[in-house]
Amino acid sequence: MSETVSESTAGATAGTPAIELRGVSKTFGDGDRAVRAVDDVSLTVRAGEIFGVIGYSGAGKSTLVRLVNALETVTAGSVVVEGTDLTGLPERKIRGIRARIGMIFQQFNLLNSRTVAGNVAYPLKVARWPKEERAARVAELLDFVGLADKARAYPRQLSGGQKQRVGIARALATSPTILLADEATSALDPETTRDVLALLRRVNAELGLTIVVITHEMDVVRSLCDRVAVMEHGKVVEVGDVYDVFSAPSADAAQRFVGTSMHDRPSPDALARLRERHPGRLVTVGVREGASSGTELFRLLREHEVDGSVVFGGISEVGERPFGSITVELVAPDERIAAFLAALRTRADVVDLGTAERPVDDPRSLLTEGGDR
Amino acid sequence: GGGSGNAEGDGTLRIGVVGASDDKWAVFQEQAEAEGLTIELVDLQDYTQANPSLSQGELDANQFQHLQFLAGYNVDADDDLTPIGATAVYPLGLYSEKHDSLEQIPAGGEVAVPNDPTNLARALLVLQDAGLIELKDGGSAVSTEADVLPSSKVTVTPVAAEQTPIQLKSVDASIVNNDFLADSGLDPDSALFQDDPDSKAAEPYINVWVARAEDSDDPDLKKLVEISHSDEVVAAEKKQSGGTAVIKDNSPEELQEILSGLEDDIRSAS
Amino acid sequence: MNRDWSTLWPLLWEAFGQTLQMVTIALLTGGIAGLALGLALYVTRPGNLLANKAVFGVLNVVVNIVRPIPFIIFVTLLGPVTLQVVGTTLGTEAFIFPLSVMTAFGTSRIVEQNLVGIDPGVVEAARAMGASSWRIITTVLVPEALAPLILGYTFLFIAVLDMSAIAGLIGGGGLGDFALRYGYQRYNWMVVLVTVAVIIVIVQVVQWLGNLLARRVLHR
Amino acid sequence: MSETVSESTAGATAGTPAIELRGVSKTFGDGDRAVRAVDDVSLTVRAGEIFGVIGYSGAGKSTLVRLVNALETVTAGSVVVEGTDLTGLPERKIRGIRARIGMIFQQFNLLNSRTVAGNVAYPLKVARWPKEERAARVAELLDFVGLADKARAYPRQLSGGQKQRVGIARALATSPTILLADEATSALDPETTRDVLALLRRVNAELGLTIVVITHEMDVVRSLCDRVAVMEHGKVVEVGDVYDVFSAPSADAAQRFVGTSMHDRPSPDALARLRERHPGRLVTVGVREGASSGTELFRLLREHEVDGSVVFGGISEVGERPFGSITVELVAPDERIAAFLAALRTRADVVDLGTAERPVDDPRSLLTEGGDR
Amino acid sequence: MNRDWSTLWPLLWEAFGQTLQMVTIALLTGGIAGLALGLALYVTRPGNLLANKAVFGVLNVVVNIVRPIPFIIFVTLLGPVTLQVVGTTLGTEAFIFPLSVMTAFGTSRIVEQNLVGIDPGVVEAARAMGASSWRIITTVLVPEALAPLILGYTFLFIAVLDMSAIAGLIGGGGLGDFALRYGYQRYNWMVVLVTVAVIIVIVQVVQWLGNLLARRVLHR
């Protein structure tokens, strides 16, 4: 099950914590116009894990990660990175820690005065890599992000996605031990996104890189993250294993986000259209790891002599484990359907949507309203 | 500095002048060299720097000013620079492009005058003599535009000395220093009015060679004063001034006496 | 007394050399010192990289004390220091010293101004990589503002040229002095025009270079 | 079926064309370093349709759209907007056309010197709206994008998504007749995205706004667009109805994109894990509109006495029509399965994935490699 | 010969008024004209809003012809025009005219420089909305560059103050003239220092205002 509100820093650590936030708040401005961007957040990111941060636009995600490398200073609380408390540390000391943290910026923040290659080489220069190694490393990274031919172009001559890829290459250049990725794939096409995620997974697995990913793409969370935090109004309203949060979101925001991401439950509009197309009884059956729902569906159908079809739904993996639901149309006399559903209910989550004539409104379908038209 | 009479210690005499490109200086330099003196003319753009530089020992002598100016400097800067020889007196005149005689200058007219303290005072005295203005307490060597009484016929506007001929298009008349007459194309004879270089009243305006007090007997410097009275240099001087320069040959002692008098006047005036 | 051109040309040529010497040295020394001072003003500004109210306040006031002093008075006031440093208060060398100092102070404001427009995001990116303030100043601030800085220095070139015109006051020579002395003060407008023309040609060349560089640097 | 390469401008128009591109090319720079960002594109966007543009990062999508409101001038070809040929038109005339085109920029391009409200009011000022109406309209728009409380904030004080929402509000302010949306929801969380898409759909339906949407989020295309163009290397390699392009992508890029978007076919990794979990025979069955596959699946299973379960897949809507596939595990003696598959194949697209012991590699599953871990 | 302060104070006060008058009018008229000229230089630059090689070329050269002319020579050369426009070539009013003209030309370069850093994206956004070039200039270019522009005008304030020091050459008075005539030319350093102090105080106030405004405008 996912933990609500905020996990206690003491209990959550399996590995050594890479990042620990203790009661951290950040307020911008003062007086009337003060904005509390991060509000009393306590959180632990374990070394070597991929930690997702999701939440509404303006929830405080970017601010939260910017506190981790002290680009913003906390208003209250403390930030501990790899055992060092950053609070009140002099800039010079912070520098050493920052050198071990790569950051991909939401707005890219490329140096306009440097070429693509120059931008990627910059952190290497800061880290005093020798010239030849630098060139080789830059070539390798540009090759990976598919910008080898743009090495000598300037940021102003790049497309949005190309800029973002330069930002990614730059953040990875020095092989940091922690990567803060703020919407790192937001400007990328699906295939480039896939490549980038595959790379992140690889460096995470091979080099033990700790990654904090801010994203609004639920697919990224689903396929990349080990754990995820959900933010709302500056607060972390839910933290937990990705599978737990997806399969049983407790916070309101978490429920909505998971809903939009799964595409497995029809939106009210889509449901209306389904009912038009399928006059029979519509039933949504949840599929969870361990639960036998999916497995025994066909046998039960046969046993109860219920005909029908799969008309909607999605079963895919969340954190490598199967998760989702299917909506089926059942065609049979009512009593046979009733018997079938009774049997099925003992084994799986079942939501009866009724028939076109006698629709049953499923409150949970509302959650996915935006998933499809 | 020092009493040797040359600042560089290499035999070169550094002389501060204003307008080193004047022909008379070319002639002067030739003659000095013939006498075995190496001189370097340091050309300064305005009057203010020449005396401090001499005093600080960066120059060995200067020759650009009249006694009135020197007196003002010595008093203001509390210095004791000493005249070691005279050169000439130049009359200061009133010129106009709009009017042909003093009488034609209308009441309420405007006259441009040089704005450096000594030339300003002298110009005001010229205008008073011409009957165009009245000065408070009869005027003095330290009068300024503030001393012009409201009862005066015209108003005066002090401007940079070199601007007075340029301003002739704007004003009824200008007081123009002799230095600028030839260049600005004004004929010295066309002056509506000018002071008399030969009169006793012109004594303060005798241009002089100046040295530091301790160098006043330096033989090399004395030689310079002599050279400046050679026929060739005098001829060049006359030619350049359009014949208006009145050559002076007062002794250093006379000059010092006049200077002391002027200095006393200034001290008592302020 | 108006001289003929055969005697004026060599003088003009000499003045040209003096001006070039004065302006070049002043821009090199004063320009670099001013860059440092301007960067210091910028980074210590409230909210910036090395924000420091005290340092910024002092620098800001000092610059404001020096800059408004009328240059001719500044040259004189600085005389004692010039004597110590240069060994004389007369001539081209003696003029270059106050000229450079004033150039430094003027430059500082131009530099400061041109840095204000920099996107704070890029500075942040460099900070996030662990770059030291010094590195950020040299490899981010200056390069990112290079185009306006180049135009700024082109502007300063003319300002310094203008200041150098009064070098004549202490026997420093130069084109400005030449134009004033042989032209303006002698009402010889031909000399003024020719000299000004020479100055203008220099300026056009420098501006052309400045524009060219700025465009290069903008990568647009 | 989707049309490949480029549709002929003559044949494609059902309604009046809102935008017509005829053999348009755009080259940046010259000599060696010339980049042909858009390469001989001919395309018609019908009035009132929602037209999607997808393609790899750097494919030329942004450049293409920028040609439509003449922010870039064509190197060759001509651009006709609402009947007016922009090519060679003086800036003053172009202005009138631009006033009817709203644009959401990929990089937001907000005026830093104006508040949020000032930014949204700006186009209204340009269009000389009276002051009171302006204020009301700004309030309405800010309310919609959820930024009413940020009206007096400056762009630098906003989060990425908030900036993007200001850009959206600004583009819609004057109720343009054409909207060019360049990655308009890339920085938004799923729920805000849903709201924005719903609004776009509404203004499209109610006011007949023609919308050109550049996006890399296939879900946006799927749920919003009528037609879609796929770009690659500056060329439009496929154009067609969204359903056609999704159900039968012909260009390589189109196939890959659709694959990543559907999440219905397991990636090789996911397939391996499926095989681990499900020892039986794995079969992927396609679901298309009209085809009876889904509908008759259960009857056939029963008839052939094949047991099993739904283990993976997704069926959702593309352009309001059902589309997707499910992967089922079949448990029965081989000969019964063979008979069942034979029967099923007459009715649906079937891909046999074999069993864990005797796996059959499905080439098409490769397409979706990145869809899930 | 040095006057006592009882007579000097009123003169200083009058000079203060004259300087304020000169600088204010020059900055208002020349500053606005220079803004226009600078904007024209910027927008006609290759690659910009109203890119026009010919117009830019002409403006660029004209500005470069005027700016490097030593100011006192410029004042004199402009004399005939001043006489036409102002009716006299003497006094404060007569000086304000050339001062304003030179201010305009100087301002133009500062403005141009400060606009170069503007993100082309925002200009594009305004163009995309159908805004006219004029509107873009007034509502995008100027506001977006406002912070550096404010610092630029603060810089110019001092430059104009400096130029105004030679107003005395044509009887224009002002603080610079006061310092020169009653201080410098009379070796009365007290007068120089007091006058310079007054100037410095004015400058500090103006700079403080400029900094304050610039910070406001940056919204950081």
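Letters A, B, C, D and E mark the chains in the order given here, with residues in each chain numbered from 1 onward.
Here, contacts are C-beta pairs under 8 Å (C-beta built on N, C-alpha and C of every residue); 3 or more make two chains touch, one makes a residue touch a chain.
On a predicted model such as this, the values are computed, not experimentally measured, just so you know.
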Co-neighbours of subunit D and subunit C - touch as defined: A, E
Most distant chain from subunit D, judged by the mean position of its C-alpha atoms: B
Where subunit A and subunit B are represented by their mean Cα positions, the distance between them in whole Å: 89
Distance from subunit E to subunit C - Cα centre to Cα centre, in angstrom: 17
Rounded Å distance between subunit A and subunit D, as computed from the means of their C-alpha atoms: 21
Residue numbers of subunit B (touch at least two other chains): 48, 52, 166
Sequence positions of subunit D contacting 2 or more other chains: 107, 156-157
Contacts with two or more other chains, residues of subunit E listed in rising order: 76, 119-120, 184, 220
Touching pairs - complete list by chain label: A-C, A-D, B-C, B-E, C-E, D-E
Subunit C contact footprint on subunit A (complex, rising order): 69, 71, 91-92, 95-101, 103, 105, 107, 109-114, 122-123, 125-127, 154, 156-157, 170, 174
Subunit E - residues contacting subunit B, complex: 1-4, 7, 11, 76, 79-80, 83, 88-91, 94, 168-171, 181, 184-188
For the subunit E and subunit C complex, residues of the former touching the latter: 46-47, 60-61, 64-65, 67-73, 76-77, 109-110, 112-114, 116-120, 145, 147-148, 151-152, 154-155, 158-159, 161-162, 165, 176, 179-180, 183-184, 192, 196, 199-200, 202-204, 207, 211, 214-215, 218, 220
Interfacial residue positions of subunit B with respect to subunit E in the complex: 47-48, 52, 72-73, 75-77, 110, 112, 115-117, 142, 146, 157-160, 163, 166-167, 169-171, 266, 269-270
In the complex with subunit A, residue positions of subunit D that touch it: 28-29, 33, 35, 54-59, 61-63, 106-107, 146, 152, 157-162, 164-165, 182-183, 186-195, 197-198, 201, 216-219, 222-224, 256-257, 260-261, 263-264, 266, 270, 273-274, 277, 287, 294-299, 301-302, 305-317, 319-320, 322, 324, 326, 328-329, 369-373
